[in-house]
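Remarks on the structure that follows.
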Amino acid sequence: MTIKTVLEAVHDAMQEEMRRDETVFVMGEDIGARGGVFLATEGFLQEFGENRVIDTPLAESSIAGVALGAAMHGMRPIAEIEFGDFIWPTINQIVGEAAKVRYGTKGKLNAPMVLRAPHGGGVRGALYHSQSVEAFFAHTPGLKVVTPSTPYDAKGLLKSAIRDDDPVIFLEHKRTYRLVRGEVPDDEYTLPIGKADLKREGSDVTIITYGLMLHHCLEAAETVEMDDIDVEVLDLRTVRPLDTDAILATTRKTGKVLIVHEDNKALGIGAEVSAIISENAFEYLDGPVARLAGPEIPAMPFAPPLEDMYMIDSEKIANSIRQLAEY
Amino acid sequence: MAEQTSDHENGAFERAVRAAADSGITKPTISESSSTNQESSKTRLSNKKAPDSPDLLSMYRRMVLCRTLDERIWMLNRQGKAAIMASSQGHEAGQIGSVEALQKGYDQFYIYYRDLAVLLELGLTPTEIIKGFVAKEGEPLSGARQFPTHGAHPEYGIINLSNVVATHIPQGVGAALSAKMKGENRVVIIYFGDGASSAGDCHEAMNFAAIHKLPVIFFCENNKYAISVPLKNQMAVGSVASRAEGYGMPGIEVDGCDIIAVYEATFEAAQRARSGQGPSLIEAQVERYLPHTSDDDDSIYRSQEEIEEAKKRDPLKMLKDLLYSSEVLDEEQEELINKDARQIVNEATEEAEDAPYPETDDFFKHVVGDSSV
Amino acid sequence: MTIKTVLEAVHDAMQEEMRRDETVFVMGEDIGARGGVFLATEGFLQEFGENRVIDTPLAESSIAGVALGAAMHGMRPIAEIEFGDFIWPTINQIVGEAAKVRYGTKGKLNAPMVLRAPHGGGVRGALYHSQSVEAFFAHTPGLKVVTPSTPYDAKGLLKSAIRDDDPVIFLEHKRTYRLVRGEVPDDEYTLPIGKADLKREGSDVTIITYGLMLHHCLEAAETVEMDDIDVEVLDLRTVRPLDTDAILATTRKTGKVLIVHEDNKALGIGAEVSAIISENAFEYLDGPVARLAGPEIPAMPFAPPLEDMYMIDSEKIANSIRQLAEY
Amino acid sequence: MAEQTSDHENGAFERAVRAAADSGITKPTISESSSTNQESSKTRLSNKKAPDSPDLLSMYRRMVLCRTLDERIWMLNRQGKAAIMASSQGHEAGQIGSVEALQKGYDQFYIYYRDLAVLLELGLTPTEIIKGFVAKEGEPLSGARQFPTHGAHPEYGIINLSNVVATHIPQGVGAALSAKMKGENRVVIIYFGDGASSAGDCHEAMNFAAIHKLPVIFFCENNKYAISVPLKNQMAVGSVASRAEGYGMPGIEVDGCDIIAVYEATFEAAQRARSGQGPSLIEAQVERYLPHTSDDDDSIYRSQEEIEEAKKRDPLKMLKDLLYSSEVLDEEQEELINKDARQIVNEATEEAEDAPYPETDDFFKHVVGDSSV
């Protein structure tokens, strides 16, 4: 075990997979000499050469489209979108095309590609360096969407994503990059896509969350220990497909669920989790399925007081837990 | 190459490559000398003596088959039997001439909905094609999940993923990137219309291919319309090929009704691609004799005279005249060829119509792979 | 009152608004001489001239982007995307830009534009002429998303959309175009965006739906009358913003809610409706909030038996009602 | 024009138009004759005699102010006081020269993040600009909701909606379409970098503008890098301007460090635009002296020598040399100008830093309009 940051975990996962499998390569803006704007591919150009580390023009649709083409022809591209906010031009190639490759060819072709992007806020990124983008992809059959929260998960899941035979959207919360550290095994491991992880066991209230928010939820869970509330925290890790079994198991156990995410509420991941619970565990509910999510504004404003007002923190979460516990 | 993690998934292309290598295909059958003659590619078919070769006759036969099949499908649509149809009539020389210059079963063909002749040239049977239009079991590209002619046939190097115009252009470039990375000598030809040239994806893809000198042929079938929108509302310039220079690749305008000119231009572009000189943009000036699709009514936006005028350079007629004038074809043989084509298409129609609809067992299958998640 | 089709209603709404306000204009592919592939702009070129009826190149991102620019400078563009399946290239300009114009300039600019697209399936359109696209836009603060089901609603809502000072995504179910007829007032009227409409009153079970599915739901409601089930049918009409008041009112009334939509289930509109109900009317529920939605495949397959398998019909809906009624 | 349904919403631009009309602005101050001289736009500043005009001195003064402000903001960032900063150092001549050729308060300026000098030229004060970087109350473009320099100022014709590169290019074209529809004589200039030229939106927008002969100036500030990606990885051609021909508009390469050359090229393009001849693409070859932004470390991807070499054509130095050689400027005056600039920037810094953060009352406001829904 070694202590790593999320960024290091991402870097190492890609590096190890590129060493292991020559069909894996990276492409994106500034990933070559610069090593990526967050340094996720630092040293890659030196190690793997410019054939496998491709600095692209500023043209996101083609980053996705070229990667998709290469993926259908035996390669395993990892395409980096510099910020989640710039991922919109890829929707046509990802939602419109990549997601339908297998179905539309009845399995004759498939697209083993990863589209990575740092996303999320709390970094003074303002409207255009803070957006949450997971819901757009999570709605789409044919895609997988991974949103890790810890270095351990990030590394194990990214390796699985690279080996997966279908398109995987891999969303790294940029605030976790250097902030979140954790133990990572020195030996090779992978983690299954589509499996949630119980990050804390408890009996009174369940919080279901993912990404950066996990850490605030864990903090809040500790805070409310003082109120004698025993909180269970389920980290979804993958938001498509959702781990329905895990969601229902914890719901049956505690009977009270709070869903927390940074993305705005309407049609966010929490909507689907809530609906799944209603449909399948209605009898087990001891209170309404609650959601604590980003406000219905376009994204985080820039000025610190405004950004703070957007962000969900452990205090807001603790309040929601208390409310639900009292129900 | 390091261990393949998904041999079972990506095997089709590999098999196709091996098959091509085994068959010893290295270059097309028409001699190189004629195709490297710069002048000839600008000569109109009608002013030209046919090469002393049986291939032109064979190409004529295939063109007749395509035209016959195309007319049949259109008729089936009019009878309410076949689904929406985008006719290739007027595009055949561009399609057959270009495929002829490439290596079937090895090169990759990113096509679009109007490329009926490309499908035939690459090996799809008329029965298989009609099955697409009547959505029957055994349709080889998508199992009748998609619109006719859409899906993929990896063994033949056919990819026609979607109806979203221009999305396949960067994908084809990605296929070429893969070829380059693997050290293959494969060319990717990407067919698209004048309409598609306006899309952002076309720009991004051409630029990417030029930067990396990828083995791509951008083959624009310019029929002067995107559905009803005429060229003047699509661009302020006279040709799509004029864009090539701004990307750093050659742009070649060719008479798309002249099968030899198309063949030669494509062969040269393929040579450039294979020798590491990068992509080319060929603009084949073709004609669209029918409405955009069987759902369209082009009388709303263009005159009958315009179509009649265009028919003067019908690629079928042009090749026929050449074969007559060089005495490779006579009336008797012509009738035989027509008859053969009708019979093939008749049988195909019957077989396709008799086939059942696909079963619904697979309805939920192939959303993601079994090995995945 | 005159009997009109949905298509005629759409046509008339645009024509009347263009006559009324010179800043309104239409742009899109084939909308000029061709009158649109569905003929929604038939005769416009003749009446309004090519300055106000702009046949565009095949370039959806710029259709949205140019419209947005014109909208920020005093015009009221109606941009047509030929099929919903080709709307993905507009996401960058619509979700990324148009939705944030007002917030990002603190109200200094706004974008009174309409993006229209026929969408949905059941027309043998296969994977790429059948997709439902409402959820992508409905997630986004700053946008409004309208999904009418009848000629009356289509006309009144489209006129409001054109007069609205913010970007409105107006999604017309292409199967309703010629299939659904209904009375339309001869006098000028508009309908408010964001208000649901109770299309049928009932006391046992509520169905919440929109678009084409409304008609199947009404049919199913009649079917189950025989089973003595009295069904209320709420037509959302607008899927962003959702009419929370109407959703909660009917929930409180019947205590049992079935949500029906053609789009696939995960993160479809039904998820948000279900979550809203759970959060706000938990005590009133006499059964789980149920969803009947399209299957988790990329879109409708082409062959008729496969398409039929995708589509939700009144029989499937009736079965779901019976199940819920029995709960 | 029929009744306006949203006067209260779109009034800002209208007011700006009226204000411009009232002020009698019709053309820039430098005489037309010099600018219509085709030759001169190709001449380097350093080989050229300065026009006998006080404007160059004024432009020098403004350039010094911009450089001083830019350096200050960079320093504030280094002190942890200011947010992310994209420096304009090396781009000033391109920005000031082009604005000078247009009609402030009437023409529309679709800018991007590196256009500090454009903001100053159009009327934003140093205080207002610094407020953007320290996110303080009174920031005029977005109320400190957005990154510094982003948002809009309709009265000044400034639009910088988002950080998403190239999205503003079709938007600017839409603004020009609106101008044309309303019969205004307004020009829209769209500033963007070499990086942005690769985006699909750039292609679609240029094509659209050319088709409709819209009054647009595409102004590319080519500084040879998109963050770290050098031109050779961005395009296989030598210039962005070479793309213009493929759209049917003039493409003009100009030394972007030569303020007169930029002025003249822009003035000519504006004349073409106003006289209905359509768009132009100007490529100004500029230099980026600092890292991409204050978050970047360019030593990873380019050498110090390269930067030193680029500094030889520092636009500030070039203009200063010209003014010295034509005896419009001397050391005393230079020091005065520098001192003035420092003082202005000092005061602005103080004022901006002293301002409070914005209140949170408006946090939920302006998502959609009040009158809407």
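Letters are used for the chains, namely A, B, C and D, taken in the order the chains are written, and counting of residues starts over at 1 for each.
Here, a residue touches a chain if its C-beta (ideal position, glycine included) is under 8 Å from a C-beta of that chain, and two chains touch if they have at least 3 such contacts.
All figures in this text were calculated on a predicted structure; none of them were measured in a lab.
Chain centre most remote from that of subunit C: D (centre = mean of CA atoms). Ranking B-C and C-D by contacting C-beta pairs places C-D first. Subunit A and subunit C, compared by their mean Cα positions, are separated by 30 Å. For the pair subunit B and subunit D, the distance between C-alpha centroids works out to 46 Å.
Here the spacing of subunit B and subunit C, counted between their Cα centres, is 37 Å.
Separating the centre of subunit C from that of subunit D, both taken as means of CA atoms, is a distance of 41 Å.
Shared contact sites, meaning residues of subunit A that touch two or more other chains, fall at 56-57, 59, 61-62, 85, 88-89, 92, 96, 100, 103-104, 127, 141-142, 296-298, 301.
Counting partner chains per residue, subunit B shows two or more touched chains at residues 142, 145-146, 150, 162, 164, 198-201, 204, 207, 211, 233-235, 367. Here subunit B touches subunit A in the complex through residues 1-6, 9-10, 12-14, 108, 141-143, 145-146, 150-154, 159, 161-162, 164, 167, 169-179, 181-182, 200-201, 204-205, 207-208, 211-212, 362, 365-369, 371-373, going by the rule given at the top. Listing the residues of subunit B that touch subunit C in their complex gives 83, 135-136, 142, 144-147, 150, 162-166, 195-196, 198-201, 226-229, 233-235, 295-296, 300-301, 357-360, 363-364, 367. On subunit D, the positions that touch subunit B within their shared complex are 198-204, 207, 210-211, 213, 232-237, 242-249, 278. Contacts from subunit A toward subunit D in the complex involve residues 29-30, 32-35, 37, 55-62, 85-86, 88-89, 124, 126-129, 295-298, 301-306, 309-310. Taken together, the subunit A residues at the contact with subunit B in this complex read 20-23, 25, 51-52, 54, 56-57, 59, 61-62, 64-77, 89, 92-93, 96-97, 100-110, 112, 141-142, 144, 163-166, 192-194, 241.
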